[in-house]
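To start, the structure under review is shown below, and the notes come after it.
Going in written order, the chains are labelled A, B and C, and every chain counts its residues from 1.
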């Protein structure tokens, strides 16, 4: 009972921290875009967290955790239904925390996928179609995709490992971001004579605050994914998470300084996020050293991916594809490369976070090989690309997904919301 | 001992979250008002939390929890006095957490009532009289009012139920806000030819951040009002709180879009706050479905109340009366309407959060009827209206409560504080 | 096991809160300086937290906690090395929480010292030398200094007491800030005809938010310094911390109003920080009343110190020296003055937070006298002044520490980072 209470307290705190990430996403997205689209972005983010929770309550939770199912699609019914045992609530539910906490923690995760897309399509997508997309993606696609691993589906049985969602959350959002950006096209003025132009964000202090809030939220995102307050595992997870974030940031800052002769704060910030996304798949099984390596590689990837995506004429205002998709894939594969490296003893055997031997090195290589990770990445790529393409393509051909040129130039705030974000400040036109 | 430690950890975290709400209130209030009064609002909010804590230490805590008393007014003495048992601190105090935590958690609540008033009187009230009002209201009125229910006073004995303060905190602040607005009058320019004019807030990103911070803080405000870390109750409370917030926001957004053909972010935000205030009185006894209904109705109420209050020529710059008073009353009455609906078993009996039968439906109707809730609402209405009227009326007739026309037009920052909030930005005059 | 889990949960939360302080410092520092140096300040702060964590992992942690050592300098080896017992992780490590948590909590502290310096040198120091200074100060100086008390070194054996770092963190940063300011010189325009000119900060809402975030972070900074979730001690610490903050703010506001006939928000905010720094050395051993007195004196000190430092032509844009050095010294000495005053029983004996008798009053005076506190202050003064002087003086004579006049006038953002913090806002030149 005491342990249940403590586990539940930890999980509730982590839930609160993941909730708070939505302020981080909002700050990051408005900070890295222009002032004239600020209200629109805030509206989208507020819509995602509120509607996301309601949808996850209505259908998502029971799609994602359907109980026994065929491994691809299952549904346990509408709404919440607390499990009972002997006429009282089943306190042994999930062995660590309550049904209510479970729902809320997972619900906070669900909204994240749509938030990732929001950043990539910022400044030019119509809000109506975006809201429709959000409803379908958060309400149906994310939970079905999630069920394949966290609901005990076919990828779980294949040995695919994704601790807190480098793939299940970040790539799932990242693939849809990629598809949406392809179907939307670039913002007016982003490419001149075929060359990408910088469109600087309008409020870098808020963007920076967004990244620090997201980092704080990751204490809950990864720490809560232990699904208990197990002292060794939770604290190891926080250490690997923070070290990967730090390494990602520092390496991205160094790389971009070398390449562009400029101390680029935005790259520093995206490097931190890349490190966080990269460690997420294996935060509970990495040694601190490997966490630093994974984060550092994520930081490098960010610098090259942002530039490469730009050259492909994929206009992603906040770098969401580089951060969430590229580093999400990297983090997932990294688990297959580094394996359960958190701890080894003098005999070279692999230990889990509690110090008991998991495997000798050869067994570890067998039990957690690279291939299941690759299968997972590919399965999610296929499902997410196809489903988001179908949704957004239908929206494009029916109601349209892009605002008019006039609206884009004058800003979505004035046209879709009739509001200014900062009416007291004199503003430059961009 | 382990359980005490865990309970205490949870209560301390909740205390920290409620403290953080003061940043949420400050951001919301400056965001929804004009740049020229920003310093003044920040000063008021910082004054409220600092002076509020000192006053609650000196007199408030012992006024609110006087021990055995006549049910209307009692006082246990000045300052803090930790209870002892057998020569050591009494660890069984309150059966769940320490005396120190109890004081600090309640102290964070106390300052909230004055903060609500701060928003309603923004941009035109003299800061001196506001500070005097704060001292009296936080130091005397709020604790006396609180003692009637949470201190075991006459309303508690009548069967009045208010879990976390829809009435005891939000309406207590809301009534004073209403009285203050009546006595102050509207801002210059708010009404032209008898018609209300929109005076948009100057920093919507900070207002949005304020609402998300307040929502985060409500995890502690409601979660901590369980007064222990009871896993079922705390997690149920977080679920009902978040679902009501989400429903309030979505319904307010829909209603205002239907009425005004505009995706109104401010209404979305106030709908969230309305849902939060609405669920606060019964967050521990509602089912998720009823929480959504209560939040949705609160969202509707917000849209109509904001418009109605505007038409009454009551100028409330941040919508504090609609959010805290109207939804506070609604939430309190809703407990009488929905009763203990959190859980029912197959036999239709009502269960508490731990799953044991509280009452059959008819008994429940008897034990928690609508009338005690109505008595509570009326008792607080009477006490708060009269006491805040007396305080503010005396201030008005002596030192005056309203700044000069010149000061109002040029902004309170320049006149009361000699500071600009944003000296590097070129500003529009409003 | 249950208690270990709870202790560890508390320590992880405190770690997260101390991490979040870095957003508080960033907001405070950019808020109190000019817009043209905003990117530079954010870059520095992001650098400090990321590089600080990596350095603390590589060398700092093992320099600060070297195990048995000569009392002045010791080193337990590079990198992290979780202690094992019987083939598993040693769960009894530190008797309260895990090795991983210990590292991360202390790592978050380590970065704080450099952050203090960052504020004092803002708007005119070259970023390259600042980063070099940070690496040495966070990587070497801070951990060595810390080992003298918290690592069990010679000051610990002398009876020096510093609960959470009024000296070990705040003065260590404050002395370096003082040295750096002396070597750097004042900003252009700060003194005209020998008289200090006000250079107001450009974003007071963010500065205010920074202070409230720092206060929130102090729940973890002081609360976590208990190094367990002991209910009495942690909750007493939160009460003394909050009351000192409140008293510091209110007294500073009153004093500056009396002196300057102006309700000065900046002084109010710095008073809060002064109260927080002041209580930090003895937050676990003070009674609430003494906490209020200590905070109030810190608030007074702030008002006079800010003015005095200004007159000495030491240009400290954010008041870091007054807050962290002056109040850090005050708080450390206050422990020697007030002693273990948290609780006394009817016989006048001194109790610890758990209620057992620590000492009669005369014994208490003997066991915790003023002199060890003074020795500690002087030892850190000597070490920090000398080491920071050597580092910064060498930097000054080699690469130079001050930006060019042109760069200072046009802003560091344009020259060092090629970025604007707010490209959409029309800005005043300052």
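The rule we apply is simple: a residue touches a chain if its C-beta (ideal position, glycine included) is under 8 Å from a C-beta of that chain, and two chains touch if they have at least 3 such contacts.
Please read these numbers as outputs of a predicted model, since none were measured by experiment.
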Shared chain contacts [chain B and chain C, defined touch]: A
Cα superposition angle of chain A on its copy chain C, in degrees to the nearest 5: 120
Homomeric contact chain A-chain B: same or different residue positions, threshold half: different
Approximate Å spacing (C-alpha centroids) for the pair chain A, chain B: 33
Chain B, residues touching no fewer than two other chains: 2, 6, 9, 13, 203, 422, 425-426
Touch list for chain B against partner chain A, complex: 2-3, 6-7, 9-10, 13, 17, 34-36, 200-205, 208-209, 211-213, 215-216, 219, 223, 229-232, 234-236, 238-239, 242-243, 245-247, 249-250, 253, 262-266, 268-269, 272, 288-289, 292, 343, 345, 351, 353-357, 422, 425-428, 430
Contacting residues of chain C [partner chain A, same complex]: 1-2, 4-6, 8-9, 12-13, 15-16, 19-20, 22-23, 26-27, 30, 38-39, 42-43, 46-47, 49-51, 53-54, 57, 79-80, 82, 84, 87-89, 91, 97-101, 103-104, 107, 127, 203, 206, 416-426
